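By written order: A, B, C and D. Residues from 1 in each chain.
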Amino acid sequence: MSESILATHNLMKKFGAVTATDDVSIDVRSGEIHAVIGPNGAGKSTLIKQICGALRPDAGHVELMGRNLSDHSTAARAQAGLGRTFQISELAMEDSVLENAVLGAIGAVSGPWKFWKSALKTKELTDRADQALARVGLLQERDSRVANLSHGQRRQLEVAVSLTLSPKVFLMDEPMAGLGVEGSKIMTGFLDGLRDEAPILLVEHDMDAVFALADRISVLVYGKIIASGNADDIRSSKAVREAYLGDAK
Amino acid sequence: MKKLLLATAATLLYATAAIAEVKVGMITTLSGGGAGLGIDVRDGFMLAIKQSGRDDINVVIEDDQRKPEIAVQLSDKMIQSERVDIMTGIIWSNLAMAVVPSAVNQDVFYLSPNAGPSPLAGPGCHKNYFNVAWQNDNLHEAAGAYANGVNYKNSFIMAPNYPAGQDALTGYKRFYEGKLSGEIFTQLGQTDYAAEIAQIRASGADSVYFFLPGGMGISFLKQYADSGVDTPVIGPAFSFDQGILQAVGEAALGVVNTSQWNKDIDNPTNSGFVDTFQAEYGRLPSLYASQGFDTANLLLSALNVAEPSDADAFRDALRAANFDSTRGDFSFGPNHHPVQTIYAREVIKEGDVFTNKIIGTALENHSDAYAADCKM
Amino acid sequence: MSTILIIEQILNGLQFGVMLFLMAAGLTLIFGVMGLINLAHGSLYMVGAFAAAAVAGATGSFLLGLIAAFVAAALAGAIVEMVIIRRLYKAAHLDQVLATFALILIFSEGTRWLFGSFPLFLNIPSALSGPVTLPGGIQYSLYRLTLIAIGLAVGLGLWVLIERTRIGVQIRAGKNDREMISALGVDIGKLYTLIFALGAALAGLAGALVGAIQSVQVGMGEPVLILAFVVIVIGGIGSIRGAFVGALLVGLTDTLGGVFLPELFKLFMDNGAAQKSGSALASMGIYVLMGVVLIWRPTGLFGARA
Amino acid sequence: MRVQEKTINALVVVGLMALPLIAFVNDEPFTITLATRAVILAIAAVGLNVILGIGGLVSFGHALFFGIGGYSMGILAHHAQTYTALDLGFLTTDGTKLMPVIWLVAMAVSAIVAYVIGLLILRTSGVYFIMITLAFAQMFYYFSISWAKYGGEDGLSIYVRNDFPGLNTLIPIQFYAICFIILCIVLFLYARLQASPYGLALNANRQTETRVETVGLNSMKLKLVAFVISGAITGLAGALFADLNRFVSPTMFSWQLSGELIVLIIIGGVGRLMGPVIGACVFITLEHFLGGLTDFWHIFLGLILLCIVLFARGGVVGVLTGKEGAHV
């Protein structure tokens, strides 16, 4: 068995009477794609927020390569090697594609405390940014403003920015959302190749993509992991069918 | 190049000398909250210039917006670009402190028509600085003296917490001989005095002295009248002036205030001034208008004797104060501040108009407390 | 210091507070519903005071003056909203700040052009002038008591308006979702004009009520504006309840701070110095209060959590 | 007509060099004084533009730093001209009339104050940030009014302008040259900063803090550093302004001044290198010429500002280049 890169241990989060995350323990091992699926309102967003540090769990903790991240801010978790993409693009819309990618490179390589040399003339940064853009196929849009990009291109840029970070593990929140059939196919192919570079925790609605990509799938319902296993296990799981279809008696 | 410039400068100099025009720079407050005072000073001043019939006096008027840094820049403009000989017009002490020291050090004469901060009367006095109104403490000192005269033994005194306010209370205490039942510094620009009035009510004072210029005084008097506290109030003329009094209304009736001028001072200059001012501008003149008028007349009297370019002679002519003041007797002390009589006035109603009448003399031939510190 | 004096000062703080509330209520509504920072709100306060002084002066009736203040400020508000403000709802806060800053200049100098540079006369109606004796032997101004009552009544009225009426439903909906409310068939433009005019009218009313015991002059709105902003920020922007609590807190802090801080300083200073330092600190008091509240709760006491 | 931003920038610099020289040759020293005022306000606004234009935080209290700079100058020069010692509690020193020293002190004090205040207030955002910056400036304003030791509301007059080695600072053109060179340096630093990795990160932080955090950068620290840099530059401008007037008073802390600094930036163009400079020139020109027309000139100033907001989004630079400025 390969080593566990990212792991949550008994995460708990309550909002008033609602338990959004109920004792969730999952892990992502090197070389794999671990998908988390679940109906709307299952607590996927809450889980992601706790992993990346935007929300503090009531109990439990997150580990990255065996290191407890509880005291780490979002920024510190990113520094430690957590590469996140967003369901709804979080990009500097007024800036160019290159600038967004360079921002990632700054986070990964130089840090922000460089006040003198132009960022876009620092080869170390632009090379890294260009590489990432080339990998997602955005190099020709390098100088466009993000505001002028198509939806799909913004999704690509999201991934590219996380690539510049060379993270230890990717945390991807619905990267296929709104991509259309063709776009999803390309993205699926891309993620397929990415797992060898760093494992991926994939939260995704697109079942075709999930079943095509995931080495393991966990099903989150009402904040609880009700099933975990490979694609076949999940397809045949009674609990999952109950939760999803509600009629499987 | 340099020679050419010098030559041009010389021609210019020659040109101005040939016309022999006197340039007066007036920096005063003409817009915003305190504009009423500046407008009165300007109108009084210009009335005197007009009456003199002299067309060789060029008065350049600029609005300082009551902002010290604007005043400083206008002063630079007056001195550098307009090349004025004499400056005047500033209403507020803090603006005067910003402008006057540097102006008089650049060999310009400054005649103050209103502000008289203590540093300019004491150690910071200057041979080119003449105050035609009063030293800031004067009216307050007179109020203290008046309080003794009517046997007040237990005064409650208050003023805003800024230099002129602190000076005011010091001035009152300098002459007042009784006890103090309370001493309060309010906030500058404060509009509600309920808390202070409650303290006055609780203090058992036999008199209240306050210095609250502008809107602050209006607010205080209205609220005081409404509070039912009937301890008699004394104030300096600033809160009972013609411009302000109509806004205070009944609340001011009967209040005693101290002033170096009133429209009923009986001399021909004054009655002439009051009449012509009313005819010219359609309103009763205020204290500030009288000060502007006196300032211009002082200037005119000196111009009749000497040119400002002959600084020493011109200065002597100013110091002589050989003009007919609306206040009657007027002369300068050693620090170029007025020696004058300060009256006690009472607010009365004449027809529909609230105004003042003189009820007595508070201080006779009074100068100021800082003259000894002045080394000129 | 006697109990009577303390009670009297608390009443003073209350009175100051409820008048601030009249200003702050409109400001917070306008911000909460339309998302607009209106620096010119103080100008509407001034418009109200001047209208009241002009009409009361001409007719001799204070009540007519109050009505005039309410109507004039509402009209001025509605006109400004329709001509200028409605172009700013979608603009950045920065543009709103600049535009309404420009409006202050226009209003102030326009008023001076119309009414001259000297303060106007506006006095308490004789029926309300003078003190009354409260239980416990406290002498207190009847007019100030009336102000407290009017302020509380307006607060109650606003609560009823927002919680119990159709317009209130629209206002609450508009606060959360501009598109949804226009989808419901409500004319959002009219609703906004109405809210703006209502806020303006309250400010005008406050100007007239306060003008009777203060000085009616150009520029009177600016210090109050700053205070009203302090109030709504302390209370949480958009919250009427927050504005109410904030207004009382500011009113009490300002009044009581001015009275008690110098007394406190007298314990370890001589009289004059205590007065000077005490009142210096008191003048910073409400800003310190605001700083502390915001550091503790960055969106105010009743503001929406980020 | 569309103009390149670079062309505008060059024209502005050339204009700022040429105008005072023309005024000097024609012997119009007041024009030079006006230009100096514009240049100093521009420096202050460039400082504000760091936090506002790049960082997206609307500080409605930047007069705070302007005033601190002014009072640093005032207090140091006051002690120097009265030959009294300046007692700081932990250190007793003489005042100074040397401009470079005064500038360093002004910047250092402003930076320290910005750091402390920034730590407290940068958790707030939007309107709350606008108002809390105002609150801190107001605290200093009221404090300075009642601070009798340094003149209270009267402020402090410095009789002779401070010294700069080798120059006679009382000659307007020489003092202008000092200010102009400082403006150029500050603009150069601003341009470097904006293009640097830090500037890029701060600019992104204005648009999305979440993104910046996600690439491992600490948004709070980015803002804090921007606030400190911004405060220091505005503080430097305050010291120069006090020297221009040879006078410092509490109005340097006033909220109107904070408002004016914002107005300058909007007139010129938010986040533009030359935005504050153009804004300052336009504003001073308006103030000067409108003031001569009528006592009620504020009405016209207000109308012009309104037109800029309603019809000239992006300010002067925005209109000329056809590009909107940064969104704040």
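Basically, contacts are C-beta pairs under 8 Å (C-beta built on N, C-alpha and C of every residue); 3 or more make two chains touch, one makes a residue touch a chain.
For clarity, every value in this text was computed on a predicted model and none was experimentally measured.
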Contact-graph distance - origin chain A, target chain B: 2
Identity of the chain that, by mean CA position, is farthest from chain A: B
Chain whose Cα centroid lies nearest the overall Cα centroid: D
Centre-to-centre distance between chain D and chain A (centres being mean Cα positions), rounded to whole Å: 43
Whole-Å gap between the CA centroids of chain A and chain C: 49
Where chain B and chain D are represented by their mean Cα positions, the distance between them in whole Å: 35
Distance between the centres, which are taken as Cα means, of chain D and chain C, whole angstrom: 32
Set of chain B residues in contact with two or more other chains: 31-32, 35, 161, 166, 185, 187-188
Residues of chain C engaged with two or more neighbouring chains: 108-109, 112, 276, 279-280, 283
For chain D, residues contacting two or more additional chains: 142, 145-146, 148, 296-298, 327
Topology of the chain contact graph, where touching chains are joined (line, ring, star, complete, other): other
Complete list of chain pairs which touch one another: A-D, B-C, B-D, C-D
Touching residues on chain D, where the partner in the complex is chain A: 192-193, 195-204, 207-208, 210-219, 222, 225, 326-327
Contacting residues of chain B [partner chain D, same complex]: 5, 8-9, 12, 30-32, 35, 62-63, 67-69, 72-73, 76-77, 80-82, 93-94, 97-98, 101-102, 105, 117, 161-164, 166, 185, 187-188
Chain D partner contacts - residues on chain A that touch it in the complex: 52, 54, 73-76, 78-79, 84, 86, 90-95, 99-100, 102-104, 106-108, 110-122, 125, 161, 164-165
Chain D-facing residues of chain C, complex: 31, 37, 84, 87-88, 91-95, 97-99, 101-106, 108-110, 112-113, 226, 229-230, 233, 237, 276, 279-280, 283-284, 287-288, 290-291, 294-295, 298-300, 303, 306
For the chain D and chain C complex, residues of the former touching the latter: 52, 58, 60, 120-121, 123-128, 130-132, 134-136, 138-139, 142-143, 145-148, 255, 259, 262-263, 266, 270, 296-299, 301-306, 308-310, 313, 327-328
